[in-house]
Structure formats: C-alpha cells, structure tokens
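Presented sequentially are two complexes of chain A, the first with chain B as partner and the second with chain C.
Presenting the complex of A and B:
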C-alpha cells in the first residue's frame, strides 16, 4: 500500500473512499479468480470423472421440458408408496426436500405436497461414485424424476409420511433446478411456536412467509389449510345444491355502496366512478325478486376498512346465501345453520388428516358444535354479560371484547363453539333490515359466531318498497342512488332473508388459528398488495 | 291436575329476574338416558312455561330418534325464547357422568342424575319442612341410584323388600305425599327390569305412578 499526503479533510475522505473502493475491487478480482479456478478444477474433475463413469446415462440435467416428446411413463404418487408396491421398479416426480450424503451413499427425502418418502442412492452396480455425488449436490426444492425400486424397511422411518418403505434410486434426473439459497427454510416454517426458541432454532415470522408465499405454501401446514379450505367451499356448494339452491354470479363493480359508504373502494369508471362490491347483497335480493327462490354465491368481497387486525382483510371470499321463506325468517336461520353443521361434520369426518397436520404446528381444541345449532336472543346475551359484570345499554352493539367474552360464557354453559345470536337492536343494523313486529327497538336479524368471533351477519330483509324507502330515509341514504334496488321490490317481492360468511374466517376459526392471513392464499390488507 | 301444593316463586328460587330466559342445561350420555329427569321435565311443563330443546353435541356421532323427541313435540311459540319462564336444554353428549349447568358464573356444574333431580324437584315443590321426612326422601333417592341402578342382584332384592315394607305403611314412599323418592325409585326399578319380580305393595305403587301422565315420556324410552 502507498503512503499519500494529506491535504484537507474532504480530500482525505475522498482518498479514503477511493482506497476503500480499490481494496474492494482487489478483493473482488481475487474472488473471481478463485471462483474461475474452482470452476476450472471442477470442470476438469467432471471431465475426468465422466470419462470413466459407467452410470453417466443414469443421472443428469436433461433438456428443459418443452413438450418435445410424449413418454409413455406412469409416475407413481408418493402417497401411494406402500408396502404393497414393494420390489417394484417405479418412476416418480417429486421435490428434493432434504439430502444428506454419507460416504458412498446419499439419502434424500423426496416430497410431494404433504407426503414424503426416503430415497437412497448408493454406490453399487446401478450407481457410480459420480452419480452419488451428483445426487448429493442437487439443491433443495429442485424437482427430480426418479426411477427406483420400492423396498420395505425393517424399522419405521419416523420422519416421513411413508414410513414403511424407502426408494432405492436407479436413475435420477433434475427437471427443474432450484436456486441454492432459499429465502426461508421449510423446516423453520412448520416449527410450532415456542419450540424453536427452546432449541435456539429459527422460526419464520409471518411477513417473511407472506413475502415468499409460494415457498411457504409448500409446507405441510399450508397444504393442509388450503385443502381444508377447498373442502369448506365444496361442502358449502354440495349442501346448498342438495337443498335446492341455485348458484349465481354477481358483478363486483357496482354503482352504489350497499353497507354504508365509509368502507368502500372507489374505482374510476370511464368518466365517472364506481365501487367495489362490499357484498353481493343487493344482487342476491334482486335474484329473489326475480323468482330464483334460493340462491348462493361464492366470490370476492371488498372492504376498504383501514384496520390492521388479525381478522380483517380488504379482499376476501364471501359465501353468500339468500332465500325466500314462507312465514318466519327462522326458516332462513335453520337453513344456514344446518349448512354450517353439515360443513363442520364433513370436515370432522373427511379432513381429519389435514386437521391433525395443522394442529401439529398450531395446537388447538377440536371444534365443538350442537345439532340443531344453539340460538340465543340478544336479551339473553345481555343478561349473561351483565351477570358477568359488563355494563351495556339495551340497544348497544356488541363490542369485540364483549363478543369474545360472550363466546366464552356460551362455551362454558353449552360447550359449543358455534351459535346464533338472534334479535339484534334495529339501530345497529343496515337500513334493509326488517324491524321486529313485537318490539320496534329490535330487528329480525342475527349474527353467527365461531369460537366467539362473528362469521356471519344476516337478517330478514325489507321486501316492501314503501317501508324500505322509509328505512333508507331514516338512515339518510340518497334515494336516487338506490333507486333500481328499491324498484325491484315494487312488482311483487317474496319475504326473504340471508347472510354472508367469510371463507377465510371460517377456516381460521374452525382450525383455531390466530390470523386470517394464514387462511388466505394471497392476503390483501391495508399494508399488503403483493404477492 | 296439579299434584303439588304451594307455588314456588322462580325469583326466590333462582335469583333475580334478568329479563331473559333462565336456561337449565343438562348434558347426558345417550347410553344412559336420565329417566327421572324426563319425568321431572314433564312435571315442570305443567307448572311453568318451559322451552324444551334437545341437541346433539359433536362428541356424539348419532343418537336414536326416540332420544331426539324425548321432550315431546316442539312448543308452538318456541321461536320466541323470551316468552318462556324456564329453558330445559337437553344435550346428548359424550360425558362420563350426567351434568347440569345453570348459572355458570355463580354455580359449579352439578354432577349426577340424583343431584340434578333434587335441584329440579325443588322448582316444583318445597322439600318437606320436617327434617326427618326430608332426609328420608334424600335417602330413597340415594338408594335408588346407588343400590338399585348400580347394585348387585342381592342388593337390588334387598331394596325391593325395603320398598315393599315402606309402601305397606302409606301410598307413597315418604308417606302421604308423592315425592322425588317415588320418581327416582320408580325409574330405577323400571330401568333395571325388576318390576315383574316385585311384591304386591310395589306392584300397586307402580300402577299408581303410571296413572300419573308424567311418567309417559320415561315409559317410551323403557320400551
């Protein structure tokens, strides 16, 4: 290093900087040289290895799959690898979950969705030393095609879902190579809360998970959550279809807000503006007036609430129901609660594996319910809360803490995580809610709760155009904006009611999870618009 | 035909009226239907406006239909819970012991059919003011559940003999008045199938019990 004269503070700084830069350059050059050397060495090794590798056709990086050939090759599913398949030669496509080389052999854990199996490449007459080395160097999460013999094992492999067999690899080809550095480790992402701290191991925080959602979704927990979520949708559709409901599709770009203008997204719509639907409410009702009798709708719902809580999203999937009834809106409640009970039963009976998988990471009590569903009236809830020392007015809405406390009280007495609260005060409900004929303070409306949190809000709707106008005026709503809605009731409208559920909330609360983002595949909240 | 004299006041028995349904929740195992409670339910319905509901808890996968309808047909007003004085909510649940929950903030859950029966009976009629008679009633209730329902063949025979001699002294077990002792003993005698081998006084008493319509719901489940 050369000595330089120092003339001034600024110059000194500049010198120092350029000195630093120089150093940096030098270092980088050294690094590059080393790297080149290493690569050259590797290439040389590879070449010399290739020359005397008898197994060189049995592994490697084949050309990218561009559909250039149509192989007549059956790929077996990992979950189907059972002792019945013992001693068969099979093909399989899976991800490399982990690999561990040990001298002349290399153990791999191959993963497919939530299932995994142990595989082994060992030097012998099928695999060469070079092939084992190649297998050991495959990066985690790469996708491989493997030809292997299924072998029964003496001792159960506790760490895999397929515990009774392992694979003896004869060929291994990398179909898609993963970059060597992963933004998060899958093992870290499925570690139960608290367990990592004890052992000094890493856990992944939620934002990191969500930033790298594609990788996070590969974990057994995420796989189970979203399979169960799909089950909820399926059970919802099946149950309602069996009850004679018709599935409808409604527009999400609308001209007027349905539930108060405060929490609605405005979008520019050519020369004017429009809103994103807060619920398919008005359209469901118009379908009832159009003689569809019983309808349901599964689709996105938007809420522009700037609340960053564990249970609010700005876009979620709404499961909406609307039906005409004969004489009493309890016909609607019965229909909805029965649908929910069928969903809970379906999950209890058909998704036990998924529930157990999620429980491993996020332990929770099994979801309990009653059949028929427990229905309490608002006044009863008030009495229960007052008995517990809560001071509340007769016509006050339930605050979130009171909602939770009530949930605990109901659970204590009835041991159910699901119940209906009926007869809400009219003042706290939207304008289209039917007032109670016996007590004008109350309304024919109801909420449904899971584990003490609201999942559904519903009511008998006003189906009389005149009363609807009155109620809208009482709520100071611009009649011009909801003209087409009110008009739909002028030409004969049957009495009807309904409600809407948030899919993500239902899944979260059924599984006893603590954040709705865990049950939203690509969550949207005030602070997150990507991925 | 009200068979009990006096009219207990729910406010004094159960505490201040909070303007909402007073709901009694009973968790029972469908493997052991609580016959005495069904009889008491029927008696309560005669005295009060009772909202009766039957639920199945998710811990139980299926329940025979007669257990679902054991509290009789739905009340015509059952959609309006606030119109009733008392709620009788029977939940078929996988519990080791029958339990009752009422005021969860002030009362621990009451375990055992006998104890719940005592609680419900006090809503119908006060216990005899004579402590000897009151203890006698309690004694018969214990005998019914511990020695008849849970006892050996020998114990059962002994109880039947004791019943026979007690019933030789009066029409009902605790003397002149029908009481919880009669309900408990009748249900346990019938449940254990020992009625046919019983002596004359017991046979006569069984007939008198059955003349009261309130034993109907229990008889349905005995078939």
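Presenting the complex of A and C:
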C-alpha cells in the first residue's frame, strides 16, 4: 500500500465521518423540532381542553363524600335495569368492573354485587373527547356515580347479567378511586379450574384469595356463597321458631372444657385462666333444666385442634339445638332432620340463582335428600362397609375415608346425600351420652351426614345426676370442674337431646365445594389469623 | 409364595399326587425334581409342565395365536408383575385395564393358564385397592372377580370384595 493511498483513504474516511455527523445532527434537529411541535400541540390541546371542554361539569372527581349535602337523587340498582326502564334517565352507583376505550367511545362494565351492566360514553353533544378519555382512565374497581339513559339493545350482551339494556352515560363522577394495581384480578378468581389453561390464563390460588379476602369476596361466586349462607341461618331460625324453639345466647368464655379439655383454647382471665367454648353444650342443657323446653343458638364455636384439613377451622359458626322430649330420643332426630330438610327445600326454592352462580365455577351434582330422612343404624352401616371389603371392629369409630365411602354406598342404594347414622358405639362418644338400654355397648347418639361428610353430632344426654357422675368418672373427668353442670340435673331434669351443626360445613357440602375456607368469610385455622 | 401358587394350581388341575418343590437362589425360583428327567426350573416352566401332565393343554391356548398370547402374559407375569416397584402399580393397572376393555379372559374368550397365574400374581395389588380405585380400573376388577369365582382357582388366597354397582360418577368427590 502506498502512502498516498493511505492518505486518500483517511481523507475519504474523514469525509464520510463528517457526512455521517452531519446527517446525525440533521436528524437530531428534526427530532427536536418534532418534539417541540408535539409539545406545542399538546399544550394547545391542553389549553383548548381547558377552554373548550363543553362537558367539563359532566365528569370528574368530586369532593369526598363527607355528608355535606342531602341530594334528592334516587339511585337505581343494577339488577333493576330491565327493558321496562328503557329510555329513562337514571342515576346509579356501581363499581367499574372493566373499561375499554375505542376511538371516540369508551365501554364500561359497571358491577353491583353479582350483577353487571354495559355502559358507554361516546363523543357527542353530551360528552366531549376529554370526558371519554377520563372515563377510559378510571381505574378498575373504582366506585362511580353515573347518570345515564337506559337503552334497549338489539343483540343480547352475553357477558353481562343485564343482557337486554345498556347505559348511555351522560355524567360520570368518581366517588372512590381504586389504586391502579390490584393484588388479584376478579376474572382470574372466578375462572373454573382447568378452564383457560390452553390460553395460559391464570387462576388464583386459595392463599392469595384469602390474603386479599376483601377483593375475593367481590367475585360473583363469593357473593353467591355468602348470600346462600345467610339464607341457611335464616331458614334455620325461621323453621325452629315456627316449631316453638327459643333462641338463646350463651357465654363463650367458660371455666371448664365440656369434653375433657385437650382441644380448647386457653385465655388468661384476670388472675386465673378460662377457656373458649368448644360448644354451647352445657348451657343449652342448663336451659333445658331451666324449663325452656326447646332452645337453639347460633354463634361462634372454638376448636383448638391442630388439624390442617379441608374441613376443619379453629373458629366456626355453630348452629346448636337442644330439646326436651317425651319418651324417645327419635323425637329429637325427627325434629332436627325436618329442620335440615326445610333448609334444603328453602335453598332449592329460593336460592337457585346463587346455586347456579357457584356451580359455574365449581360444578357439582344437585343436592339430593329424602323425606322423611333416611335413618341407618351403626351396625347396618358396618355391614354395608364390610360388604364393600372394609375391615372394621364393631366398636371402632368411622374413619374419614370410611365415612366418605359409606356416603357413596348410601347414595348408590338410597339416592340421598343426607342421612342419619344412629346408635354409635358408646366408647367413641362423650361422657354425657345416654347408653342404649338394649345394648350397653351402644348409645342413643347419632351423626348426620351430607355428601358423606359429618355435619352434625348429637345424642340423648344423661339427665340423671347419678348416672352422669358415673359416666364422668368412667371417662376420668375431674368432678370438681363440672360440679355446676352435674348439679343442674339434681333438681328435676327432663329427658332431652340435641346436636350441633357447623354452618360452614353445611354450606360447603350443600354446594359440593371442596374446602371449608370457601364458605368461611374470614377463615381461622392453625395457620391463619388474618385478615 | 410361588410354591403355594403351584400347589393351588395342582389342585385346580386335579393332579392327585402333590409334587415336592425346592427353591434356588435369592429370588427363590421354584425347582421341580423330575424322576426320570432333568429338574424343571421356574414358575412358568413348571406350570406349563403341570398343565401337560394333567392333559389340559387347552389351558395353554388353542391355536398358534392364542398360544403366543398365553406365553406373552406368562412372561409378563414373571418379568413385569413379580417384583414390581410401588410406583409401577398405577401403570400396570392402567395398561391392563385398557387391554381388558373388550376381553373376558386375557387370551380373549378362552380361559387359560395366563388368567390363573396373572390372578395369583396381581392378587396382593387388588387386595390393597380402595373401593374408588377398584372402580377406576373397572375392567381389571371385573376380570379379577370373574377369575376368583372360577371354580377351583382361588384356593390359598382370600376373596376380594367387589361391588357390582358404580359408586363414583364421572364428577368429583
């Protein structure tokens, strides 16, 4: 290579470089100009927005509701938005479920509990461009007040509960703004297991749900579950009140555990300790001795069992019944089973919407029951289990798998999801259980099952102070601690029996759910104390 | 285990004089001392010999194809079923269930030695199944129940309870 050539090359290079630099500069200048232009435009827009927005008073963030004024404004409920309301101008308060902007329009889905409706803001003589933009930017789950005209739609809106109408929004105000990032998406939380797996869509696991329970409770499924649960309580009360029962309230802080004391919570009580009631057992019975004849109570029950299963909670709501009977404790069984049947019927007849809603996410077969309720004796059940190849001793308690299997066998044979198992072995029941007069190995006690899982445990109680003392000694219970209980039977006590039902379990099993936490609003278990 | 099985097989075949067996090796492979011939070694070999002695050669399959299928299952019994690991159980039952979907016996419509030895071999697995699993492997259970009730087959083994009705539908629970 000659020197000249080298020089030429470098010169050329330099030339090229400067050319490049020039181009770069030019580009940058262009960019800056564009930016400035854009900014100017934006500013102008902003200005024009501020100046020309004719719909300025039709949207925005009003002052916090601090009860400044009593507006004479009727808010319509979403579920009442039907074609009859067509062409009316109405006010509505709802949550923004989703929003989707599309050019000059913005579609919103407004949700109120388990109902939702489609709404639309469109640029026109009522709404400005800025208003549409504002509507599109409202964060999900914010609460808004909306004034809108109800319009019939030609094609049903499949994704909403109100399918025949939509709302044409004229005003929209944000009453409470939600933070832009939600800990879980409501759509993910209602997706049935397995669905959307191909599209890689998420489902929310139970712990995340429970950690963010407030949001999870907004899902249609949760809304339906707890409306149905409220229905169970109401039907329970109504039925029993009609039967002449009296509702009682019992203390939950007690001085002695009713069944031995291994599985109760201890609380410090001034200078000594007390326990949280694991059942209102003793108090129900004392009420019977106090001539209340038929009582029930609805309230919290505590169990300090360290069991982390799908059906155990450390605090749950107990529905307890106790009643005096005339000659045979089957009078009590009949009374309880009839109450359960009334509840099942009430749910079937009045809560179909809720049942369907839950079924959408958690499919299950409809709950079946017989009238009168099937009553099997323990020995019959053992025979059925043995026929199916289960080896069990005569006086063994039913294990959970055997309980479930028995439920299946009963369903197959009698086509019922609800039955009573009578005459349990005395050895597996608490000390206050009345022994069977015909066979001292058995007792006048019973469990009730829904879909093969226990929901109620009950028995005829010993109402004779002497026999009660004997039984307590047999169970090695400190008589001193239950003195007041035993004493209540010394002054004339009628024969009586009863039982206690777990509200959460009844709801879970009625709906065919898999975990009792799904039917407990704020579940408590050995590992969960919040929220 | 194998010796009791052979004793039961002898009874099923109606052989008058019980043979004397010994075992060899860690795996206790059965050995039959023959008076005027070299000793026979192995479960399947001895079993086939007993069948011939009882003049019940139809138990080894009628026709070349059936004979091959019988031999195949006898082989399966000693190689796959015997000494199976716990995690193999599901695969064994699943495959067998699929195979038996359209068959009464392992070799089709004919009861053979394969059914007897497979029944003896699989008994301990079936005995441990829960009711729900028995229903899940319905075809295996049906075949098993059929064989255990086949006259003279069961002998040393306890009967396994089999339900005739389905308890578990396609839904959950």
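One rule holds in what follows: the second predicted complex is superposed on the first by the 483 of 531 C-alpha atoms of A that agree within 3 Å, B and C clash if a C-alpha of one lies under 4 Å from a C-alpha of the other, contacts with A are read in each partner's own complex, and residues count from 1 in each chain.
One rule holds in what follows: a residue touches a chain if its C-beta (ideal position, glycine included) is under 8 Å from a C-beta of that chain, and two chains touch if they have at least 3 such contacts.
Keep in mind it's a predicted model, so treat the numbers as computed, not measured.
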Please work out whether A:377 is in contact with chain B alone, chain C alone, both, or neither, and reply first, second, both or neither. first
Please work out whether A:91 is in contact with chain B alone, chain C alone, both, or neither, and reply first, second, both or neither. neither
One more residue to check, A:412. First (chain B), second (chain C), both or neither? both
If we overlay the two complexes on their shared chain A, which of chain B and chain C does A:451 touch? Say first, second, both or neither. second
Between chain B and chain C, point out the one touching more chain A residues. B
Return first, second, both or neither, reflecting whether A:365 touches chain B, chain C, both chains, or no partner chain. second
After the superposition on A, what does A:512 contact: first (chain B), second (chain C), both or neither? second
Which partner chains sit in contact with A:387 here, chain B, chain C, both or neither? Use first/second/both/neither. both
Answer with first, second, both or neither: which of chain B and chain C does A:226 touch in the superposed model? neither
Both chain B and chain C touch chain A at residues 386-388, 409, 412
Can you name the residues of chain A that touch chain B in the complex? 328, 330, 344-345, 348, 366-372, 374-377, 379-380, 382-384, 386-388, 409, 412-416, 422, 438
Residues on chain A engaged by chain C in the complex (per definition of touch): 363-365, 386-390, 401, 404-405, 408-409, 411-412, 451-452, 512, 514
Seen from chain B, its contact residues with chain A in the complex are 18-21, 23, 25, 27, 53, 55-59, 79-82, 89, 91, 93, 101, 103-106
Residue numbers of chain C touching chain A in their complex, please. 130-132, 160-163, 165-169, 171-173
